[in-house]
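The structure under discussion is supplied below as structure tokens; questions concerning it will follow.
Chain IDs A, B, C and D follow the sequence of writing; residue 1 opens each chain.
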């Protein structure tokens, strides 16, 4: 069953078309990868689904409900959660408080319960010293904290926007394991990524965007041998 | 160390409670200034914690002041009731205004709050029901001018503001406001209804400002457009909060206490140049203690702990 | 460590309070507490004149064998600050009597305190009728200024007399007033009086330069379009010169050009534009020609401060202190009831040219004030043109049109000064 | 690319605004010609006073709460130059520019330099302190007696078709145009100006690409102070001087910069035109003149809300 379904979703900024007629589906308990060259509209797509921007036209359905025009926090309440391409920790809060934010406002837990839940997520993601300020954390830890914050809203669908960017090889392996672990709990995940190895290892299905349009979609093997994809995107990396 | 905090608060409370027995009427009058500035500075800081910088203190204090004096003048209601009505009206105005202007950010929000206060000033100055430019005189001051009772009233309002501030720092509102001021996109993506929390904090702080203004002008049994909407009420509390250190409950409290007592003290020492000295104090303070007195205090305790 | 810190803070706090309460010692001299807006020209003239009066009293041996001490507090023109000043004077300094006062707004804030203490107050400011209402039945309150409605009526008398003597026309009068309490209060008080005399009165508020305004052209144009034969503006000293310049700019020169600021800016007497501008006041230095008290005051003031008072609050504040001093002498005690009795018997020949005797006004029991005077700038000097008894010059009428000004009437310019 | 398209949109909006304003001006000119002249002069004065703040606040994000006080000091400078040396105030604009550039330098090194990079709100407290020092210091030096030079030429006037209007205040129009052009040249055509814009948008980024951020702050601050102080002499030809006169113009400039849009120099001029014309128009009505201030503030709120709405739609 499709948990997320977009129908001809478009988004313009002034005269610039960032997304154009994007119709995709995400099935329950699936890991979908979104790839595409810079400026293809990957992050805009995430932002439109998560409610940072509203679509200029089109329709977004989530769990069978129309959430096209819902605001960001309403989409969060509906069960869509996300991390950010560039990490956005809340520096006014410490590690556990950052995670608690999701539990308190995403899932409406009272403060005490939120704290307990958040500690669970920290343990799950192997985050220690939970009273640390953000300034005392490593890049990997901040990324994990953001995932924990997203998980704490107890979403049905999780968007991971380039979580691997800037990580070294060991850290990337660590993160891949983490994503697998989350998926094994029954989470549906959309992963936006540049690193092809990650896509190949994690995803069940890949959507390729170019110039704001869906270029093609399918399994990694199928997509990576599509000549249009190779010229548009893979040509430079040639990992096929 | 953990209990010393509560001990300090207890001592402060006892000192405050004992003061009317030891202070003369003049010093009690100055305590009125201290308390009203605590209410203004702290409520302004509470809104600042959401990242919104308001110049609207004077406006809401004026609305509260005018409403309460008008109620007393026209309907001879009890002064306490007048103050509550003043507070409520300021809150209601904030609700209507806030639902429109809280979409603005940064300087745009600041200027609009300033303009709203000015609009109310011009309105009361031009209407006969509000006494026009000359203002309104009440027949009697609150508590018939009893300074001790007045002190307790202002003390109660300042304490109420402090308690609200502490509560807001300890409940989920703290997390909502901090996240909004840090990063609105993250806040919204984590499920925070930004607009709702901004409206809540705007209404609460405006109601506090309205209440403080209402009580203040009940003490002087009069209200004039230039006095009640005095822009000094917008700028002075801001400087006091910054002087004490923003983002904390006790920073604005300490800043208001020190600066309002200093202002009166300087006035006695230098009747003609007191504001000049006041200006130098502010500049020196900001250059040497950029994060306010609370910042210095925190640095000091941090050093002490390590 | 915490205890020590608390102790230290408490010591510091008590030091500050101690400093605030100094002056509570030494009850030897008679103490008069004055509340004035020290930053304003009215307060500056007032405070200097009070100091002068106290100095003169002390040189003659003081009162009741004791010296007189004057304690001055700034009200910053704000009601709350005036109330604090009053509390300080009464409770910290233990003054024997309260004097001073200028603005109505500041006075209003101090009223609850005055009522609470019931000390004798001899007040020279606060002309608003609202203050008179609030002071109903308070026998300790003595007011040395005309109420707003009285001023208008008295000046109206002056105009009527001038109409007969000089044939001035003022069927159409335009009044431009500063939008605050001062200006709009005097407009409201003057309106019924003008209209009762059968004149057509048009009024409009403007924003004073004192509050960020300074463009009067729209008001002046309205007056011109109205065809005003008489133009009166009520504002502050900051408005004086720009109004004349802008009137010249748009070519507006009604027969009577009247201004009524509390005082004129120092530069006003040097401008050629001042010729034939009329104004209201209660005193002019020119009165010294006819009145010896007035001359004595002006001379003493100049000797003391090397300067001239620019507002009538100078001689009024001087009168304020002298009336109180005489009453204390008569009473022989500082007891409130005796003092009130002694004040009621006041008959003081003031430098303002009048003898002050307290009478009942519409509501309060004790009021005395100098007779209002109509003045005119003539060749750089302020001359009294009405009432006849104290007049020092004849009225120049009509106000000469801007393009037909007699060059000879222009005061000689200072050697250094603006070029041209 | 996004930028260029957004800019195009902005320009189309501006064009629309321009036509609207032009139409309004023609209508007013037919209805009340004097309003047109006086409104233009008033707008020019507003723009002149707000432009240096637009440079400092809009471009490099420094809030100077002592803006009006610097103008006051400049005005006193011209007063004393005239009283002591007989220098005409309009001539004293030139020495004022130089002297107050240096004065700005001193103020910057003593104060603002130390709080850049600290919490931005500290600028409010610092500015408030400086404004008190300037106005109260001037009271100590020159007393707070109001002063006004008596200058013959400020009441010069001309008549066209039976309408008499003052001509002197066209000095403000000329001044505003010169300052506007100068600022546009500085920001668009010089490397320093481009660097200033970059610093304003992203100080850290600017530092990374090798811009000497401190020098840019210093320069823009001094230019702004020199300009506003040199406007003082022009201001005092028509207005009375007193030490407290500055604060109302600080707030006025703030609102103009906000209405014009942060970072937009021309926006401030449009804002001054709208507010100055609007105010003069309402004032020209005898009956409704007393509500002019409400119209003024309502316009401020209205324009800001409208612009924010526009941004959201986009």
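Following the convention adopted for this analysis, a residue touches a chain if its C-beta (ideal position, glycine included) is under 8 Å from a C-beta of that chain, and two chains touch if they have at least 3 such contacts.
The structure presented is a predicted model; accordingly, all values stated were derived computationally and were not measured.
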**OP:** State which chains count as neighbours of chain C and simultaneously of chain D.
**Re:** B
Subject >> Pair joined by the larger number of C-beta contacts - B-C, A-B >> reply: B-C
Original post:
Distance from the CA centroid of chain A to that of chain D, rounded to the nearest Å?
Top reply: 47
Subject >> Centre-to-centre distance between chain C and chain B (centres being mean Cα positions), rounded to whole Å >> reply: 35
Subject >> Whole-Å separation of chain centres (CA-atom averages), chain A against chain C >> reply: 74
Subject >> Gap in Å, rounded to a whole number, between the CA centres of chain B and chain A >> reply: 43
Subject >> Per-residue overlap in chain C, given as positions that touch at least 2 other chains >> reply: 179
Original post:
What positions in chain D touch 2 or more of the other chains?
Top reply: 139, 247, 290, 293
Original post:
Which chain B residues reach two or more other chains?
Top reply: 272
Original post:
Taking the complex as given, what residues does chain B use to touch chain D?
Top reply: 48, 53, 100-101, 103-104, 106-108, 110-112, 114-116, 118-119, 122-123, 126, 231, 235, 238-239, 242-243, 246, 272-273, 275-276, 278-283, 285-287, 290-291
Original post:
Hey, which residues of chain B end up touching chain C in the complex?
Top reply: 4, 7-8, 11, 15, 23-30, 33, 125, 132-135, 137, 139-141, 144-145, 147, 216, 219-222, 224-227, 230, 261, 264-265, 267-269, 271-272, 304
Original post:
Mind pulling up the chain A residues that touch chain B in the complex?
Top reply: 50-52, 71-73, 76-77, 81-82, 84, 88, 90-93, 97, 100-102, 104-108, 111, 149-150, 153
Original post:
For chain D, which residues count as touching chain C in their complex?
Top reply: 34, 38, 42, 82-84, 86-88, 139, 144-157, 164-166, 168, 238-240, 242, 245, 247-249, 252, 280, 283-284, 286, 289-290, 293
Subject >> Sites on chain B touched by chain A in the complex >> reply: 171-172, 175-176, 178-179, 181-183, 185-194
